[in-house]
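Please find one structure pasted underneath; my questions will follow.
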Amino acid sequence: MSNTRISVSVQAEPFDAGPLMAQLRAAGAGGIANFTGIVRGGNGLSALEIEHHPRMTQAALEQIARDAATRWPLLALTIVHRFGRLDLAAPIVFVGASAVHRAAALDAVAFTIDRLKTAAPFWKREHFTDGKSAWVAPRPADHASAARWD
Amino acid sequence: MSNTRISVSVQAEPFDAGPLMAQLRAAGAGGIANFTGIVRGGNGLSALEIEHHPRMTQAALEQIARDAATRWPLLALTIVHRFGRLDLAAPIVFVGASAVHRAAALDAVAFTIDRLKTAAPFWKREHFTDGKSAWVAPRPADHASAARWD
Amino acid sequence: MSDHRPIRIEYFAKFREAMGRSAEDVALPTAVGSAGMLVEWLRERDEAGHATFDDSVLIAVDDVMAQADTSLDGATSVALFPPMTGG
Amino acid sequence: MSDHRPIRIEYFAKFREAMGRSAEDVALPTAVGSAGMLVEWLRERDEAGHATFDDSVLIAVDDVMAQADTSLDGATSVALFPPMTGG
């Protein structure tokens, strides 16, 4: 069994990466890697809206976290993913991992973020300043990134 | 020319990753990746001591940062590296990158941390609880990691 | 034994909008025995279903990701959603 | 023209400890024209130099990383250090 300390949160509230990183400073860790996805402005975007499947999301993220913990010797892995309406520059997702060696932490973060782009029940809708909105289409590049871990 | 906002600091003082991450939230970024190396306990280690070449270190880190900014479209790249005596669990190094797309940010962080393990004039010495100390030998794995970017 | 069974169908994201509802309770013919057959049944039921569901549809049966051939035996809910775009 | 020139040699980390000093100012024979030749000259100068420097030595000339064949023309300092172990 993996002894990775897994923490998963699906939430509407914003998060602050600093305290999340502090939590990841497990005893014995040599390194902490993390990634924060934020709402990118441009192209007339005014806000992002994220829908999810309330009963499935937590379990999907926990499964991705367990998969990562099986692949790499991690001390801790944290995933936070928001839903609801997000303003420009707001944080969307945080993935952080601590490990004895840096490669495990870095690879686990890359794997986890790739996986949750294609294997967690979230759907993004873009709202624009002209009042229009549109669902984000799945990106072939995201599926290629996820597939490289198969 | 690259428009990456590069920030490099060589310092004795501890750092806090939270504010460093906040600085990386450049306008237009879609993601921020970062890695923090911390002094790993175990094997009787009591402290880590880092010697460096004062006149060369800053330039070496800036060169590594520019190399990363040439390889990936980055909005910002930050490197902080400490020297002097560091206690267990203290932060040693911070590498953070922001980019429009996550892969660039993640890869740039992995590249930068690999490079500064082998191409920046720092030398680590381990101090143990029994009073002994020893210079850290270069790890073949670190050189292999660095070489994969060549 | 009835030749229909009650089942709840949930729609997410663009499927929810296209179907004009987030869920519905239907009486499903027992001959519709798999997740894939349920999608086909919706496509044949009305114009909205026909226009909405294509090969990209993802299916969860009782909140677990399913394949086209996943059985609906004992299932109480099926969720249909487009490819995920989180992260 | 002198057949010697003044140059400052700096030692770091385990080389500093092995040589028992962090720097020294030497009069280097002008025949010692490259970074690699300087290392060889140190190895031949005394037992400490012989025991300290092997093929793993890294060399900087005037604070710029150098190769064995990097010229010492006009150089004022050479730094010798073991493989780096930062990060």
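Note that the chains are named A, B, C and D in the order they appear, and that numbering of residues resets to 1 at the start of each chain.
Operating definition for what follows: a contact is a pair of C-beta atoms (placed from the backbone, for glycine too) under 8 Å apart; a residue touches a chain by one contact, two chains touch by 3 or more.
Chain by chain, the UniProt names read as follows: A, B = Molybdopterin synthase catalytic subunit.
These numbers come from a predicted model, not from an experiment.
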Requested in this report: Based on which chains touch which, give the shortest step count from chain A to chain D.
Outcome: 2
Report summary line: chain A and chain C have mean C-alpha positions lying a whole-number Å distance apart equal to 27
Query raised in the report: From the C-alpha centre of chain C to that of chain D, how far is it in Å?
Result: 75
Query raised in the report: When the C-alpha atoms of chain B and chain C are each averaged to a single point, how far apart are the two points in Å?
Result: 50
Requested in this report: Please compute the C-alpha centroid of chain A, do the same for chain B, then give the distance between them in whole Å.
Outcome: 23
Query raised in the report: What positions in chain B touch 2 or more of the other chains?
Result: 37, 102, 113
Query raised in the report: What positions in chain D touch 2 or more of the other chains?
Result: 87
Query raised in the report: For this entry, which pairs of chains touch?
Result: A-B, A-C, B-D
Query raised in the report: What residues on chain A touch chain B, complex-wise?
Result: 16-19, 21-22, 25, 27-38, 40-42, 89, 100, 102-103, 105-106, 109-110, 113, 145
Query raised in the report: Which positions of chain B touch chain D when the two form their complex?
Result: 37, 50-53, 55-56, 59, 81, 92-93, 113, 116-125, 135-139, 142
Report task. Please name which positions on chain C make contact with chain A in the complex. Result -> 12-14, 60, 63, 79, 81-87
